[in-house]
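Structures follow.
Paired with chain B in one complex and with chain C in the other, chain A is shared by the two complexes that follow.
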Partner chain A sequence: MQKKEFIEKFKEALEITKSTIDENTPLKSIDGFDSMSVMAIIALVDELFSKRLTAKQLAEVSNIKNLMELIGSENFTS
Partner chain B sequence: MRIEYYLPEKIFSNADLESEFPDWNAAKVEEKVGIRERHIVGPNETALDLALKASEKLLAAEDRKQVDFLILCTQSPDYFLPTSACLLQDRLNLKKQCGALDFNLGCSGFIYGLALSKGLLLAGIAKKILLVTAETYSRHMHREDRANRSIFGDGAAATLLDPEDARKTGEFELGTDGSGWRNLIVEAGAMKRKFDPELKQEQDENGNFSSPNYLYMNGPEIFNFTIENVPAMISKVLEKNHCSIEDIRYFIPHQANKYMLEYLRKKMKIPAEKYHNNILLSGNTVSSTIPIGLKDCMDSGTIQPGDKILLAGFGVGYSWGAVVMEINFQAKETGKI
Partner chain C sequence: MDTQFSLQGRNIIITGASSGIGRSIAIYCSKAGANLLILGRNEKTLKETTEMMTPVHHSIGIIDLNNFNSYADIIAPFVENYGKISGLVHSAGIEFSGPYNMTKPVNFQNVFNINAVAGFELARVVASKFSDSDVGGSFIFISSIRALFGFEGATAYAASKGAVLSASRSLALELVKKRIRVNTVSPSIVLTPLVEKYFASLPEENIKKIKEQHPLGFGKPEDVANACIYLLSDASRWMTGNNIILDGGYSVR
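Up next is the complex of A and B:
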C-alpha cells in the first residue's frame, strides 16, 4: 500500500477532518486522540493487514511513521 | 423461556457526563459507543436488590413454588458469604426444596447460565430454573473514571427455563483465557489484595484510570481479545450446530459497545438486519445485555417463536461462550407458540 493512501485511511478511521497530518505528526497531538482512537487504529490495521497490534506496542508508537514500521515497512511503498 | 429485566431508577445521561466532565466529549460517546443513558443504583441498592426486582416482575404471573433451582450470576454479591442466591430464595419466598447458587462471571455470564441450566434440566436435576444475572459495575468505578462511567450501566434480568427450553437449546462453544485477567479487573477488596483508601489513582499508557481499588479496563486490549476470539467462536458454534450464518434468524452478541460490535459484525459478514446492536438507553449491563436484548427482540417481534438464534457472550476473564437455540416463547399479541 502507498504511504499516502495509508495516511488517508488513517485520517478516515480516526475521523480527522480539521488538521493536516503527515507521517511525523505526533499522535498525542491530534485533537481528541483517546482510547477510541487507539481502538480505531487496531481495527484499521486488522482490516487492512490482518495484523493484531497490542495496546502496549501502540503505546510506543509516537507517529504514523512508527506505526508503519510496526506494521512492517515491507507493506508500504512510497 | 420467559424473561423480565429491571434497570434501577436513577439515570446517568450523556448530559450529566458533560456537566461533570466538561472536557469529555459526550456526543462522541453516543455516536461511537452507542450509549446515551445508563441506569445507576442508589447508595443503598445492590445487585441483589436488582435481582429481586427483576425476579418479582417475572414471577408475578407464575406459580413461584414450581421453581426448584435458582442460579444467580453476579460479580457484586452482597456478602462474601452467605451466597446471594440463598438470600434471594428467601426474599422471593421460593420453596425450600430448591437448589441455589451464585456464579461469578461477567459478559459471558448468561451463556454459561444457559449451559448450566441445560445440564440441570436434561439430567432431571431441575424442572424449573430461575436464572438471574445482576450487576452493579457503578459501585466498582471511581468517580473520576469518565471512560468507564460512560460505558457501564447497572441492571438485572431474570429468565425462567424448563426442559422444553433445554431440548431446544443446541450446542455450546465455550472458552477461557485467564492470561487476560489483568485487563478488566477490580484488584483490591477481595482476598488477594486489601482495599486501601491510601492507594492513589494512575493512568495507563492509553489514559485509562488505574487504581487497584476500582474497576480498570484496558479497552484496546479487550478489543484485541474480541477480534482474536469472537469470530472464531461464532464459526465453531455454527459448525457444532450444523448451520451457517444464513440459517440463523438473529444474532445477539454481548452488547459491549456499538463500535466494537459493528466491527465484529463486518468482520463476520453478518447482515445488519440480523444483528442486535442497541444499548442506547441501558449502557453495558455486563451479564444482562444478552437477556435484555433477547427480551426486547421478543417483545418487538424481531424474534418470533421457533426462530433459530445465536447468542454470544465475551469479556472479563477472559471468558467467552456462544450457543445456537430455537427460541421457545409465547409471542405477545397472537399468543402464538
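Up next is the complex of A and C:
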C-alpha cells in the first residue's frame, strides 16, 4: 500500500477532516485524539493488514511513520 | 449431588467450551452430574476442557458455528448414545471493538452469526429434533451487560447480545409447549481470553476506570457457571424468558 493511501485511510478512521497531517505529525497533537482513536487505529490495522496491535504497542508510537514501521515497512511503498 | 441443583443424568450441550466461560460451565455441569456434549472449534483445547471435567459421560464435537447446516449431524451421535437433550448453553462468542465509523456490515454479520444466529439455530435444531416434551429442558443464551448499558466502541457486539436478550423472550413463549424454558445470563467483565483481547485494545487508564465501576471487581468464569447450573436445574423450574445480570455491582449506580 502506498504511504499516501494509508495516511488517507488513517484520516478517515479518525475522522480528521479539518486539519492536515503527514507521517511526522505527532499523534497526540491530533485534535480530539483519545482512547477511541486508539481503538480506531487498532481496527484499521486489523482490517487492512490482518494484524492485531495492542493499546500498549500504540502507546509507544509517536507518529504515523512509527506506526507504519510497527505494521512493517515491507507493507508500504512511497 | 442430590439437590434441586443436581444435573444428574441430564444431557446438555455447551458451545464455546474450549475456553473461558463455556469451559467453566462445562466443568461445573460435569460436577453436577450432567452428560455433556461440548462444542468448539479446536479439538486440542476441547480435550483440555474434558481433562478438567469430572469424568462422567461426555463427548466433544468439533464445530464451525458459521456452518449452520452441520449442527444436526454433530449432535445426533450424542443423542443416540445418551438420549434426548434437556439442556443447551450457547456460550460461544466473539467480539468486535471499534468506533462506529469503523464498524462495517461485515463486522455486524460476524458477531451476529456467532453470538446470536448460531444460538438460535442450535435451539431450533435441538427443540425440533432432539428434545422430548416428557423430559422438558432449559436453554441458556449468554448475553452481556453491553446489551443493557452503552459503551463506546461496542456497538456491533452490544447489538448481537441485545438480539439474544430480546429473541429469548419470544422463544421462551414458543417453547413452553415443549416444556423448554429459555433464559439469558448477562455478565459484565469476566476475566477470559475474550476480555483479554478486548482489554488489549484499551489504554491502561481506561481499564483502571472500568475496574472502578465494578464494586465487587471483575467476575470469574465460575460466577457465570454457577448461574447456569441454577438455570439448567429444577431449582429454576418457574423461570423462563428472563435474564440474570451478573455484574459485580456495575449497574447499581
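The working rule: the second predicted complex is superposed on the first by the 78 of 78 C-alpha atoms of A that agree within 3 Å, B and C clash if a C-alpha of one lies under 4 Å from a C-alpha of the other, contacts with A are read in each partner's own complex, and residues count from 1 in each chain.
Convention: a contact is a pair of C-beta atoms (placed from the backbone, for glycine too) under 8 Å apart; a residue touches a chain by one contact, two chains touch by 3 or more.
Quick caveat: nothing in here was measured; it's all calculated off a predicted structure.
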>> Taking the superposition on A as described, I'd like to know which of chain B and chain C A:Lys56 touches: first, second, both or neither.
In response: both
>> Contacts for A:Gly72 in the overlay, against chain B (first) and chain C (second): which applies, first, second, both or neither?
In response: neither
> Can A:Gly32 be said to touch chain B (first), chain C (second), both, or neither?
Replying inline: first
>> Contacts for A:Leu44 in the overlay, against chain B (first) and chain C (second): which applies, first, second, both or neither?
In response: second
> Just chain B (first), just chain C (second), both, or neither: which does A:Ala13 touch?
Replying inline: second
>> Give me the intersection of chain A's contacts with chain B and its contacts with chain C, in residue numbers.
In response: 35-36, 38-40, 42-43, 47, 52, 54-56, 59
>> Looking at the complex, which residues from chain C come into contact with chain A?
In response: 97-99, 101-103, 152-153, 197, 200-206
> So in the complex, which bits of chain A are touching chain C?
Replying inline: 12-13, 15, 35-36, 38-40, 42-44, 47, 52, 54-56, 59
>> Per the contact definition, I'd like the list of chain A residues that touch chain B in the complex.
In response: 32, 34-36, 38-40, 42-43, 46-47, 52-56, 58-59
> Which residues of chain B touch chain A in the complex?
Replying inline: 25, 28, 32-33, 147, 205-208, 218-221, 223-224, 227-228, 259-260, 263, 267
